[in-house]
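Letters are used for the chains, namely A, B and C, taken in the order the chains are written, and counting of residues starts over at 1 for each.
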Amino acid sequence: MNNFFKKKKRWLQKSERSVEKQEQEIKKSLDYSKTHFINQKNNKTFTLTFIQTLVDDKIVNNNMLPPLIEEEIASVKEVEKRLPMSDIFVSKDKNEIENKLFHGYVMVTFDDSPEEFAFIGAAKNIGRSVTSPEIEFSVVGPKEAFIESLDQNINMIRKRLPIKELIAEEFKIGELTKTKVCLLYIDGVTNKQIINTVQQRLSEIDKDEISDSSYLTQIISDNGNSPFPQLLDSERPDRIVASLAEGKIAIVVDGSPHVLIGPTQLTEFFNSFEDYLLNWILASFIRLIRLFAVTFSIMITPIYVAVVTYHYELIPKDLLSTLIISRRVIPFPPILEALFLEVTIELLREAGARLPTKVGQTIGIVGGIVLGTASVEAGLTSNVLLIFIALSALASFTTPVYQMSNTIRILRFPFLFMAELWGLLGITIAFGFLLTHLLRLTSLGQPFMEPIFPFRVKDYKDALFRFPFNMQAKRPIFLRTEKPQRFSEEKAKKKKDIDE
Amino acid sequence: MKKYFFIPLLLFTVLLAGCINKKIIDDVNITTGIGIDKEGEQYLGSAMIPVYNPDKSIENFIFTAKGTVVRDLMFQMQQTSSQPIVGGSLDVTLFDETVAREGIPHVLDVFLRDPSVGARVHLAVVDGKAKDIFEGKYGDRGNGRYLAELIESNYKTGNLPLTNLHQFLHDYYQKGKDPVLPYLRQTRPDLVNIAGLALFKGEKVVDVLDENKLFYFKLMVDYYSEGALKIKDEHGESFIKSIHSTYNFKVKNRNPYKFSVSLEVDGMLTEHTGKSLEKGEIKRIEKQMEKQIKKECLALLERFQENKIDPVGIGHFIKTQTRNFDIKKWEESYQNASFDVDAKVKIVEVGVIE
Amino acid sequence: MQEPVHERLQISPFMAAFIVMAMQFGIGVLGFQRIVAKEAGYDAWISIIGIGLLVHFIVWIMYRICEAVDGDILTANVYVFGKAIGNTINSFFIIYFISACVAVLGGLVEVIRTWMFPNLSPLLFGSMYLILGIYIVYGGFRTVTGISFFGLVIPSYLLFSFAYAIRYGDFTNLLPILDHSPLELLKSAYSMSFTVLGFGVLLFFHPFIKNPEKSKKWVHGGIFLITLIYAILAIISFAYFPPALLNKSIWATLEMWKIVRLPIIERFEYLGIANWSLIILPNVAICLWTASRVIKHVFHLRQRKGVWFVAAICLLLILIVDSRERMDMFTSFHGKIGFGLAFVYTPLLYLAIIIAKKVKKK
């Protein structure tokens, strides 16, 4: 409420300022351009004001100036009617000037009526062209990814959902950046409560700069203090479309090639869109492998440290000889060994991320192999542990969603710490903390751990496994959509008798 | 705000943590075998530790100590060791015959009370000194493993009944049953032989069964025994390997007690020294085997009666059939019990030739 | 009767069963066999089933109590006895749940100190564990339910580990059946009741169940399952141990794990103990939650503050009850009180409610 009143005050203050004053402020920029022209037909002078760097001069020169100069146009209203351009409107509102000028509009004023302005859209669009997704690359399937332009992104989505129920609500967020943010949902399918929550949160944002959708994730998330992401982000239009069809909402941010989806669950962060493009048996198998890989990645190093430090009795005799021989020469206790290797891997990762591609790859390989082999030879680490750490690093890369893979990277360290403290018991307690934390998380008000807990058997068809499409006739329960039935189940499941 | 309070509190708790005893695997001496011998009036204890060499070979190192109480022996050994001696991965415990005949209750108490000793530890009685057995070099996985596997594989496919620590304790505490342990003998510096079965009365050894009697004993104690037996008849010798066996006790009479023991064996003929098998030959071998089993099993049961021991568990069996069982009365009546052994042999396979 | 709990904070009827099951399955499982076989010998499994049936009956009464006053037991006490006496009885529950928490956590610390880490500091381990419990309670009743669910489902694979004990067991140990007098069986059932007492927590979270009617079948099913597990476990233990040995084994279940050998794990009991700390996590969390909730109801202290107070007292008690004999005394004392509450007080309260209702109608 307070915010609302503050905004109103600022608006009131703005209207006090006259056009001249605004002009003085804008004039400080070199790309401010104000030119006078004379209409040939009726000798009236009019002024074109625009920001040069934001305006496409081809449009100004070819589409705007000729009719303005040559045709019988005497007032701003006639500009609106007679000019062959689609994006024109007339206004008397002085506050619009700053807003529109800086969005690439050209302001036309006739000198004899300086209080009326016409705004003509002529924005320059520079941006990438549509390329294939970098992070969510799939071998089969469409290879279109979002780009930074809001309009282009919405175009890609609307292309795939050509229905009137797809609503796109616009918000302008950020004092300085005035970023255009668009909320997408399918009316009649998505739960109204979720829409309301998002609308409320978006309109309450009080930040000056929003450069990317990940800023939004951090601001409007339910629990900002959790290392787990609560909104899914994707750069694939087909994934967004699939989520919208399920009953989720999508948030597109101008300037960001990542679109946010909510509400999400833990299991979705381990689903790649490619699962839907493959046969369901393969997809389920791959999903299970992914889950196993992630668990393995988090647990294996702490288990090694715990067992080698405290629980030698657990090791079967044959393995015991291998482990003891591998640890014979190492001067450090297992925890230091493990920390040393983990930190090395993190260094490799960070360094590899900063270097340009050509150099980065070589350093990665050389660093990995050389460091690894050399440290075993020097007796700083054991080869068994090196294998485990390398495998776990590899396994952590199987997470399809980048934000989640970062989370998994750090999760390992509390477990290591607890393993060093109390062995297997410590790992169990750390697991207890992790579990509780996950249970307390919500995504846009919905529990994060569904369908594992609260236990919804029906939702398992798309969480841990991926059952065939004809079994997925109902939308996920946790979304509480208004239209749970997606398509007719009987038709999909109809079977014929033998030789019929 | 409270949420932020958790993390420093956790760190605080944790940093204060006194460490719990670490047992880093290469910083401890992992005992795989313990031996208890009698030397004069004192016990001689030996602990066998595998030493892992970088070239993947395993040597055995032996700590010894003399004392009167078992725990004292351990403590003394610790005084000569640079690393803590731990017994979590213990494989075998050997007793020499003198100790075993005198009784091993205190040793058992040590095993029972210490939770770090596993239940699959193998116990055995040795002919000679346990320390001497440890000083040999058997197999390439360390002596402890060799001995443990010797006993285990002979249980799985040989004539030994199940005898690990758990089974020993189970039989020891079971009313109406007496425990048994393998009887080992070193035949070469690199080989140990299972020479028989040591029969206990309570915690003392009173008798040792010879190895050729083991098959019959196992028939009466274990199901599915896979032992092997040599049959001799006028046509030559045959070697039968048992695939499957069952035993059944029945009470025929109560005063005095009369038991009938019925044994069934399905066997496989693995060797035959006579000519090729004629039609009735298999039947004859079966009959001969049945005769042998009857005779030997009955002899064993009567031998146990004489020695007042009950390793087969007749006492336990009769307890399960009697209400308000009185162990004292049974022990008196055991002497007058009589047995009726019946055997049925079926040779199911004869190999791939006739 | 009391403000209804918001739907957002309620749990589904299926989940209610997990809370009851989690409370029943605590530290007693590790050593109940010796206690229960003292009187009835190897017929004790019959007593276990008997006490299970009685529990079903008491749970039925509990549901009736909560339905009659449209709330939980705190409301019921106030309804029948008036505010003063009612709340005095209610504050007694705080002590009961604190002692339940101490029994369970202290038992775990004892097991760890005997079997795994002899110089584990009870202060540090207890504080860490209790902090975890507080963290769970801060998440609300739904989080507590979630932990109960996982605390039962994840370690459920342990049940299969007892297959090894079956293999080495001699089931003829159980014969002859019914070799004991009914009195001995009753005494054994009495001593078993200490282990299964947790079901009483139902009286405290009844308002949190969505559609309590639907939860009845799940809760009864859960109790039946637990009784079955206890009985089967007892039978397996009886086959595995001879009576004289069982009488000596304080933690028979742990001993049974010694015989398990998997290809990559030699001594399974260490894994079992580590998992056990996950199994009793719901117990601790539920006790903390219930105790602090009663404090909130009686003394109007916010639950966020009350939990810390409860946890501190638990920690103190754990430090005091630090030896085997003290632990024994404490658990048997707690068991006796629990028995009285569950099997004597509850039916009496129900009768009192029926009478009070008739009186108030007039």
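Definition applied: a residue touches a chain if its C-beta (ideal position, glycine included) is under 8 Å from a C-beta of that chain, and two chains touch if they have at least 3 such contacts.
Given the structure is predicted, the values throughout are model-derived calculations rather than measurements.
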Higher-contact pair (C-beta pairs counted), B-C versus A-B: B-C
Most distant chain from chain B, judged by the mean position of its C-alpha atoms: A
Centre distance in Å when chain A and chain C are each reduced to the mean of their C-alpha atoms: 46
Rounded Å distance between chain B and chain C, as computed from the means of their C-alpha atoms: 41
CA centroid of chain A to CA centroid of chain B, Å: 66
Where chain B touches two or more other chains, by residue: 14, 17, 20, 88-89, 118
Of all residues in chain A, the ones touching two or more other chains: 310-311, 313, 315, 317, 422-423
Multi-chain contact residues (two or more partners), chain C: 117, 120, 128, 135, 138, 266-267
Chain A contact footprint on chain C (complex, rising order): 11-12, 14-15, 112, 116-117, 120, 125, 128-129, 132, 135-136, 138-140, 142-143, 146-147, 149-150, 263-267, 270-271, 273-275, 277-278, 281
Residue ranges of chain A touching chain C (in the complex, touch as defined): 310-311, 313-317, 319, 422-425, 427-429, 431-433, 435-436, 439-440, 447, 449, 453-455
Partner chain A, residues of chain B touching it in the complex: 3, 14, 17, 20, 22-26, 28, 30, 50, 52-54, 56, 58, 86, 88-89, 91, 116, 118, 141-142, 145
Chain A residues within the chain B interface of the complex: 225, 308-313, 315, 317-318, 320-321, 323-325, 327-328, 330, 333-334, 417, 421-423
In the complex, chain B residues that touch chain C: 2, 6, 9-10, 13-14, 16-18, 20-21, 88-89, 112, 115, 118-120, 162, 166-167, 169-171, 173-175, 316-317, 319-324
